[in-house]
Amino acid sequence: MTRVAVLGAKGRMGSTSAEAIEAADGLELVARIDVDDDLATIEEAGAEAALVFTTPDVAFDQARWCLERGIHVVIGTSGFGDDKVGQLREIVADHDGVGAIVVPNFSIGAVLMMRFAAVAAPFFESVEVIEMHHPDKVDAPSGTAVRTAEVIAEARREAGSPGLPDATTTDPDGARGAKVAGIPVHAVRARGFIASQEVLLGDPGEIFSIRHDSSSRESFMPGVVAALRWIPGHPGVTVGLDEVLGLD
Amino acid sequence: MTRVAVLGAKGRMGSTSAEAIEAADGLELVARIDVDDDLATIEEAGAEAALVFTTPDVAFDQARWCLERGIHVVIGTSGFGDDKVGQLREIVADHDGVGAIVVPNFSIGAVLMMRFAAVAAPFFESVEVIEMHHPDKVDAPSGTAVRTAEVIAEARREAGSPGLPDATTTDPDGARGAKVAGIPVHAVRARGFIASQEVLLGDPGEIFSIRHDSSSRESFMPGVVAALRWIPGHPGVTVGLDEVLGLD
Amino acid sequence: MTRVAVLGAKGRMGSTSAEAIEAADGLELVARIDVDDDLATIEEAGAEAALVFTTPDVAFDQARWCLERGIHVVIGTSGFGDDKVGQLREIVADHDGVGAIVVPNFSIGAVLMMRFAAVAAPFFESVEVIEMHHPDKVDAPSGTAVRTAEVIAEARREAGSPGLPDATTTDPDGARGAKVAGIPVHAVRARGFIASQEVLLGDPGEIFSIRHDSSSRESFMPGVVAALRWIPGHPGVTVGLDEVLGLD
Amino acid sequence: MTRVAVLGAKGRMGSTSAEAIEAADGLELVARIDVDDDLATIEEAGAEAALVFTTPDVAFDQARWCLERGIHVVIGTSGFGDDKVGQLREIVADHDGVGAIVVPNFSIGAVLMMRFAAVAAPFFESVEVIEMHHPDKVDAPSGTAVRTAEVIAEARREAGSPGLPDATTTDPDGARGAKVAGIPVHAVRARGFIASQEVLLGDPGEIFSIRHDSSSRESFMPGVVAALRWIPGHPGVTVGLDEVLGLD
């Protein structure tokens, strides 16, 4: 049984996660920390792991505070780039046995989609990405679609795959979409979608597709729970769920 | 039994149609006319209807030749716009009982998709069109996608539907695709597709989609046969398969 | 502005509907009636229309009570078969100008899917229905799938369509699914679905599909609102949303 | 450059493969052997590898003949079960450096689908398989669907996954389909499909799907070519394309 503190427990991801932790075998919720709460509560509650969903301005310092006290951290706050990950590695190096994992995307479905897309991409002549989100989203394409296109492009480059065939010479209004790392990416914005994405791969006489439809925050909970169960046995700094899921 | 002549019988659509006519109940293939053949053969064979798949430069004159002799025509050659349709009306007006039908798209599936999209569009907040074709296609979006977007836009205008919701403010690479008559249209070009299209409609909590996948010229044959069976009883000039299919 | 009373206002459909009515142009919520409330409140509140989502044992008597007082009714309670519809007709015949509509399915998407499936079915050689619901559902196939198969079968019978091609001779475990009115129906039960259905139609070289994915009760609200706006101008008894949507 | 002989060169798979070999870099077609041809031609032509697509009654003896002469074999003939694979191992053990690969399915898309389904299955609560084929197919479900269900079941058993949730108590006509190794499998038979399959995986709030649509024999060619390129460097007996594709 791992004793868990949730930081940012009143936020949407934090509160949904708190419920999921309470329902999960092997995890025990011992502290809900919000913006005005004293971090000392975490230690007093005997937390072994902290789940960090606080805002980017405080998340790093809170993670450091935990790691320095031997408390493992699972970081869901966005914006932990190479820079901050490097700093986490320095902190962890000084505290034997403690682990930190930075998770840009807790959706196991999204992680599997990216992995499968990367494995499959070199075997097909064509590949394109279509992402579908609600129309209140302000940016296109989605971060997941960009990352998916990047891992596809990287896999094809490593395999020595040729460029994608495309005879288009007339496209006055931009129907062919965006090119991200050379991979066409299309963004649909329609009421009724929450977050969906499809990767289409094609060869003569066949289409292979991988699709993920997410309709609620609930879909992130298996990833949150898996990371919390995994972190106590894995010191050091890890990025992404791939290793947690045994995909490496 | 309707006696049919195929004009352009050595072309891809003409030759596939000739086979379909031979296999169809109620139709009898009596003449295969190609570029060097004398049109008189059509009359000598006793053809009651002519299927025109010749090139745009000769198709109109051939259709006129048939109509003036009381032979109904089904025109599959592309490029019969309002201008030529008007001329056909004048010819037909002088020849009692003869019928001409101009068919821009013989795919019953494509015709149904457009019709259903137009009927459904006013009932949903969002609508987008995704078309998928082989990567040797030079233009994007496809003519069918443009026509679909136009009929959707027209249906929404008539119903007084508001504009589509879209909060996108950041889309540096054009992932949101083309806007055709205000409707977002996305074009995928991937090996493995022949001609596919999906219309996505969305409301809070639901997605409605209409999709057509065509994988061979065979899929146009039911439309060709239906038009040939229908034309003898329908004098005057008709455009499109809608009336043939009983959709009007 | 139509003044509306909701009967069964504490139930799931009733309470969601009450919110939707409050948000809708042209409708005003004037009474929320629940199991212990006096129906007289409906009249006192000056309701012109009543939305009935109470249980089957009381819904009919409540509808009668409203109709006898000149209050139009929209009935969402299930179980209003030919028998009860006939009784409604008798009541309405005695009360000039009052209207009742019985709506087995408020999902506009589901209604459109059934209508489009019926229109398209005679044009294709093959047709099958796949419905997908959450795994807590106790019956298979769904009522909507059964109704869809029935309207497809009826449309094909009227059109004189032949039987569906199927060379299956070996299917020891029943993978070909159920036959409803001669139409194959498949039921998927998987976590993550709420209520989805796809109608697949096929001809040589093409597949045509119509799909509806519903992920929340919200998706029924446009149908509820449309029925309430429509009923005041349409005396008599109506069954289903088709006429409300202008599909007849 | 590997010199290749095709055995069964007049059959459908053999003749399509012969064309693909002629077009492929690194392979040279040196002999087309059919039922009445002398096997000695293979050796005379200097073939280094033989592609076997002959009928089950002669394929094994032909493979043995090749292996005994140091010619690698790629076997596409169906029906090479554990028994024959064992005999192949004995033959190969006596002939140093020669390799044989038995390939039940040359579709890279189908192989990837099975692999991905097995990897993903333990991460989701629900999983079902839907396969779609032309209506002239006599057996249901397809061999690929059965194999897919088996690898999914095996992956879940190894991971200790619980049984699939399913509250169905009423299913009079069998809409829930077949259970293969405990996994629901549905078979659609509709004109317009050649060979398609979708694996649906679900968790609360999300659906993950992997789909493969094959519309021609062409789609098997990349697998045929990959196996022929791979076999010269891989002595011993191999079953399936997984290792060829680097999936192991």
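Should a chain be cited, it is by its letter among A, B, C and D, assigned in written order, with residues numbered from 1 in that chain.
Note that a contact is a pair of C-beta atoms (placed from the backbone, for glycine too) under 8 Å apart; a residue touches a chain by one contact, two chains touch by 3 or more.
Chain labels with UniProt names: A, B, C, D = 4-hydroxy-tetrahydrodipicolinate reductase.
Please read these numbers as outputs of a predicted model, since none were measured by experiment.
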Based on mean C-alpha positions, I'd like to know which chain lies farthest from chain D.
C
Can you compute the centre-to-centre distance for chain A and chain D, using the mean CA position of each chain? Integer Å is fine.
34
Averaged over CA atoms, how far is the centre of chain B from the centre of chain D? Could you give it in whole Å?
40
Please output the residue numbers of chain B that touch at least 2 other chains, ranges allowed.
192, 203-207, 213, 215, 219
Quick check of your reading of the touch definition: is the inter-chain graph here a line, ring, star, complete or other?
complete
Residue set of chain C touching chain D in the complex reads 124-128, 130-132, 135-141, 145, 164-180, 184-193, 200-207
For chain A, which residues count as touching chain D in their complex?
107-109, 112-113, 116, 119-120, 123, 203-219, 221-222, 245, 247
Residues of chain A defined as touching chain C within the complex:
192, 194, 213, 215, 219
